[in-house]
């Protein structure tokens, strides 16, 4: 509710210019108009220290530049996801303070590196080299949302011994993001080895009955390990965001 | 590696009965046989204070009784999921110390109530009355894995004001499990209102193009809110387990 | 917002027991708790003269009886959909004032027949004899929501001349509900002959590549006629409800 | 039946040039040829004041120009849907009286603005910025078919408070078109808040398990709100046409 | 148009009781009412010598008996398809003149065997023993629609030599119906060996990725042989009907 | 079996150069090598007067030219399907005796027009203008395989009266090919009006839940009319070929 | 070709009763009738020492008894798959020499145990306890086709260390059958550890997006290990048969 | 385990510098770090004489050159699959010792031809000319993995006699790879004629309901022949690899 309007109504009531009934009527009307009052505030606080994110796919470089320029005055970090190299070059020409992470296809504007504010470390594992772009998107998202991050790539299940070598890192992580295409078996194996929550990210890597990531996704959701939940295909950003939410769960004051 | 065998080989080496080469050979052999040594230990520790869980579907009451009787001597809590009433009655007749939660279709054996060990509260929301069995399975799983739990049922998106009434509870929760069938829109709406991680559980409630929960699942994975990850259809147990993993993430010593 | 609490705060302000600031604080708090105030009222008005509806599938006769008995004191009409005959008999034994419409599988409690309040007539067409249950559900829903209704059954496209015979009725209708299974072609043909809005209802009638109604549904949505919109498979109730919403659109005062 | 031919046969009978049998034979023949007599008339009246519509996808600019030039002499309004910018420029060069609406990808030829003839207002809501082209197609279709229109864009369910702000507009609308991609949850939420009929339009916005709009479509058809019916994916034109049909239902003379 | 009414109007005109205008008005009215005149006649002729067919699935034995009793006075042959044995027994008790073909699950009422009226022979081939019910339904349908029929069962592609043995019969047939489940490869092989049109009938025989007949159906439609067209899964009746239509194509008088 | 080799073996036997056992051995060997003897002959006869057909999709213009040049010496008619304009121009430059049918995307080489050899007329109906390429492919295939052909385009079910106008042509046809995309309802309607066999051809015309022709295909296979069988999506060639096979069924000598 | 008929024709030729032309004619006729001559022989040899197999699903116990009794005189081993216990008991009552393997749901008739004739050992691995029936079907099929067999059950990927324990057995096997439901990840992991060919068998174990085994199947076919090929869902018999074919590949004489 | 570190620990123990307990502790630590010791060795042996394979799709020519240059010093054969011509030319410019197989789209680097080491011959059959690229990929993979290979192309089931001609080659093969698109019927027919294991490779050849190879794949998995297992769509490489694994199964020493 608009503070000013509220105060004004209440003062008019106090002044005797309005009856209680009239004031009640006016207030009800204001409430109906301004239901979102609390939410706006809440959202503002939610955003503090968190990056603002632009979904770059389907936007022109002009549109991206426009949105970024508007935000730069208000934000500490701005991420733009799914930006191909050509588009990125045009944005960089306009906003040289940006940095382009080519493998993750992200544009990052951050005058200073974000401080890690999460409880522990977000570990990103990926199965094949083709999964790296999605894994990097997850990694950078988590890092710029204030998390210590670590990554181990190319540890697919067809050579299970490669994964075994990294058990210590897996056991130390607070949250693990596992990125895999094709049969998507890696999250099951990883989740069977740790107690931490595992965010599974299917990728569209594969062909034929990989069905653009659906087989990996369904395999992850059918996992016989239970500390696993999945996000949409190729959604590295969502995985990084969810991992950050987990790594920032509020602790009871003690 | 089997401690006893390891010590024995090392002592024989020390005694001079084996050369260094012979001992190396024997040890390599043992390693190859017993690769799982560390894992077993790890798994034992993992299980401490956590319930052992039996997937009841497709098992006869005799099989369930047999497994439970073997476990009772070693465990503090035993959960059996997906048990229909008839089967449950037969198990209760054999193991009267069990309790049957009919709406969640779970059998619970727990001599004493588990202490909450998680950081905060796991909140379970569900959309329709038909979603309650899955929601209850999630709730009881989380509770018996050592979490403070709270539930709010019947807050579907077709009457969004019912949900609004519970914003305070939502904002206080450490993890939120959202259970919904049909169009599965509730997790999107909830995740847009909070910072906490949201575990989305699609249910098979609905008909026609609800496709037994697939429409709800795909809707949840397509969510425009990013602090959401999903589990398999009707997998209340997995959601409770994942939420517990999140609520128990290790904190760095300070 | 709770009227009583609002008035009380305002009166305390008027009495000088609260400052404007204190009153503003209290009111903001109440608003956050009771956002749904307006909605509740709105919903009450929405329901006036409209039937309360119970989805009978998956509910026991005891549950249905319980819900109906609670409602009977407050409502003018109560509809229960998807009730098989056995369940219906048990409900009728408990609440003899009910009537069971066997072909529509509906239980209806209505002390007096509802007055038609809609602008014109809702016409229900169906393609085959197996589609009649869904068509009847649509018809009775529309009728008990206050619409003049008319029905023409068994006018499938394989004998297009049967449909032609009813052009006058089609041209006079305000809204037309068209119920069809198998290839679901009837709504296209009907919509091409009239100006009225057509609600298409696919049924699960058919076998093989009818896919339980999906082929009919997709055919209806792919219709080359444009005054057509569809509801879920076998959703006669939804079609009747939507048709009633159309037949009751508010007219500007003149 | 062709009036002239009918009269001629009857007169020849009256003149005695034909026997009753011969006249009957000739009439039967005419009926078989001219079954569509009534329809043609009906269609002509149907079209009055309504725009003629060309589906531009898959047509060359030459074909579009050709069709438009033929129609310009007979129609008041001509709409061409799904025209990309390049094609549009070529049409505009040939028919400068046209206007191109780039975001809706429509070409409009209308010497004078159409008068609103519908009963009330058609409100178009859309969830995300990527849904705007489809929403605009719906809006312009409705407007050029003689409806007062209003639009509110970017009110997705991930920030439900943005929607709340517009309840008054929603409650005043006669028909509401709701356009949404991804999880397609918006129509459920909107329909739960109003009594008006809601036309749900899924869009192909999204990736992975959004399945090019199918998840949104199935979510809309599975909606737990009942005053909702859906059209095909990205079919803004169909939604605008259906909304217009609803907004023009004939009223009984009084 | 009803001959009697037509004649009556024309005679009244001839008698001078009606003016040409009045007669024209009456005739137009009749035409609008009776558009189906030609069709009805046409349908009557279509049915001559052809069996009337009842789709037995989903009908009770009482309903089947009722429909058959009404038809017996007007028809020469009545076929009822998809009747299980229990239902059949009850019909036979009421109408002893019927015969039940158990493997084809058909009830047949035919006082005398139909004369073959088609040009040549309809040959029915089937792949496995489980396909026989569908094959027999096709065979009996064709036979009772007036075709010479022949059948060769159990000639699946996994033992291609069994098929080779019957080339002469294949080459002599006028139309060939090929019934196959699982991979549905038989129609391709057969059509590659003959010039005659082949009607492919997929059956729901199989498991796993046979998908209840869809794999067979899609294989048949993807056939690299071109003299093949397919009917719905398990639709033996439709195949027999289509084969009969082909075997009865009208020949130009010479 | 190669006649020459057979005769040679038999003569050697007759001459006493071989024993019966030796001759039997040699003959068995020849049979194993030459199993296809009869087939080759059969195929040669099959081809007489029939066009040779090249599937042009995925072949370069060079490949098409090469194949055609090889065939020209042996065939009377050569059809190449699915050739785009650019490819066609290159073929025409090399083989000027060819003709390119742009709408059907076919290249035809035929020194003289084929004589109609079929029993009656093949009628091709199509629903929308976008279906014409497929319809034309069917028409030209049928014509060059020796059939009298006739076509009626643009008679979709959304304006059923347009179809009615052509009932006489439909009733006179020996076989009818019906081409339709989107909801694919036309074959059902047509088949309900005639006794002739109907070949249904789904096209990939449409968008969204038209699923590239699958909805049309499934609708056609679910048809409530029984004298219908379907071919693959966009398979105009197959439909023309099948129709020709039907129009050429052998008649018993009389 | 029938040896007797061949000899007879050749002798008549030698005797001068037939001319070479007449003999050639007769032989051609015989060839056309008896094309399968070589095949039959070949098939007989194929069957030697191999079990005859009856697919029990959908057959009554009477049918199974009938088929078995006919075969007993000719075969050494008869397997019947997919027989439930009730049916099995009735068969055992009639043919007491049979044995019923309840977990594999197979009936086995084998007077003496088959000698292992394959090159090495067929190893059967399975992931979960619910996969055992399919694994046992594979195992018994392989064993009764003359293979040394070994099995290791319950080594799913969620506890990868359990699998590691059995590397020696895996490395010694000639062929490995891997049976897994849910996410079906086990074959990938196993194939990455060995050089032997791996036959992957998906099972219908799981729920929700396990899709009755499809997710497991597609995961297996998308495997990043290359020495893997798959059979149909739950097709333990086929896997055992294929493994036996591999274990019996003919070796070049040396 | 690292031999050097192992020996060092054991020697320190023998020297008395460590107690048995201390040595045990150190060894356990090493084991946890180096679990993959055995695997690495095993993999090295696995690779001996086998080609290293690069999946070329989605890699730039620069990346391929880089990887190949690194490998050339260590390997005897390097295969790169799925390389289009343009990319290949750039690689050939950098590494002229490579050879490009255009139809198989493979780059091969092999200073000397590999010796056949497998037991017998791998036969590759393919159905249509469009299947040849996949068939050639299988053939070359098998050949460079040390197998005698043979190929027979263009023996589709629509002309079954063409296949019959090659029975001798089929019966002599040790393993048969069958490549087919469209309805994918060829593997069933082939497997029914031989005892050898058959690897079925579906291709994406076809259109409409061929579904990019899925219909072929599902047909192959539904095969009524049992000595068949399938690989992913268009996976010629996997088929060649699997066939090689079968052709190299270890034989027991004798």
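When the chains are written out, they are named A, B, C, D, E, F, G and H in that same order, and each has its own residue count from 1.
Heads up, the rule we're going with is that contacts are C-beta pairs under 8 Å (C-beta built on N, C-alpha and C of every residue); 3 or more make two chains touch, one makes a residue touch a chain.
Here is each chain with its UniProt name: A, B, C, D, E, F, G, H = Air carboxylase.
On a predicted model such as this, the values are computed, not experimentally measured, just so you know.
Asker: Tally the contacting C-beta pairs at the D-E interface and at the A-D interface, and name the larger one.
Answerer: Output for the comparison: D-E.
Asker: Quick one: which chain's Cα centre is the longest way from chain A (Air carboxylase)'s?
Answerer: Most distant chain from chain A (Air carboxylase): E.
Asker: What whole-number Å value describes the gap between the mean CA coordinates of chain C (Air carboxylase) and chain D (Air carboxylase)?
Answerer: A distance of 24 Å separates the two centres.
Asker: If you average the CA atoms of chain B (Air carboxylase) and of chain E (Air carboxylase), how many Å lie between those two points?
Answerer: Computed value for the inter-centroid distance: 56 Å.
Asker: Take the average of all CA coordinates in chain A (Air carboxylase), do the same for chain G (Air carboxylase), and state the distance between these two points in whole angstrom.
Answerer: Centre-to-centre distance between chain A (Air carboxylase) and chain G (Air carboxylase): 51 Å.
Asker: What residues in chain D (Air carboxylase) touch two or more of the other chains?
Answerer: In chain D (Air carboxylase), the residues touching two or more other chains are 32, 35, 38-39, 159-160, 167, 193, 208-210, 214, 217, 221-222, 232.
Asker: Can you name every chain pair that touches?
Answerer: Those chain pairs satisfying the definition are A-B, A-C, A-D, A-G, A-H, B-C, B-D, B-G, B-H, C-D, C-E, C-F, D-E, D-F, E-F, E-G, E-H, F-G, F-H, G-H.
Asker: In their shared complex, at which residues does chain F (Air carboxylase) touch chain D (Air carboxylase)?
Answerer: So the residues of chain F (Air carboxylase) touching chain D (Air carboxylase) come out as 130, 159-162, 164-165, 167-168, 207-210.
Asker: Taking the touch rule as given, give the residues of chain E (Air carboxylase) at its contact with chain D (Air carboxylase) in the complex, in rising order.
Answerer: Residues 1, 3, 6-7, 10-11, 13-14, 20-21, 23-24, 27-28, 31-32, 35, 37-38 of chain E (Air carboxylase) touch chain D (Air carboxylase) in their complex.
Asker: Mind pulling up the chain B (Air carboxylase) residues that touch chain A (Air carboxylase) in the complex?
Answerer: Result: residues 38-39, 42, 46, 119-120, 167, 171, 174-175, 193, 195-197, 199-200, 217, 221-222, 226-232, 237-239, 241-242, 245-252 of chain B (Air carboxylase) touch chain A (Air carboxylase).
Asker: In the complex formed with chain H (Air carboxylase), which residues of chain F (Air carboxylase) make contact?
Answerer: 32-36, 39-40, 43, 57-58, 202, 204, 212-214, 217, 232-235
Asker: Can you name the residues of chain D (Air carboxylase) that touch chain B (Air carboxylase) in the complex?
Answerer: It is residues 127-128, 156-160, 182-185, 188-189, 191-193, 206, 208-211, 214-225 of chain D (Air carboxylase) that touch chain B (Air carboxylase).
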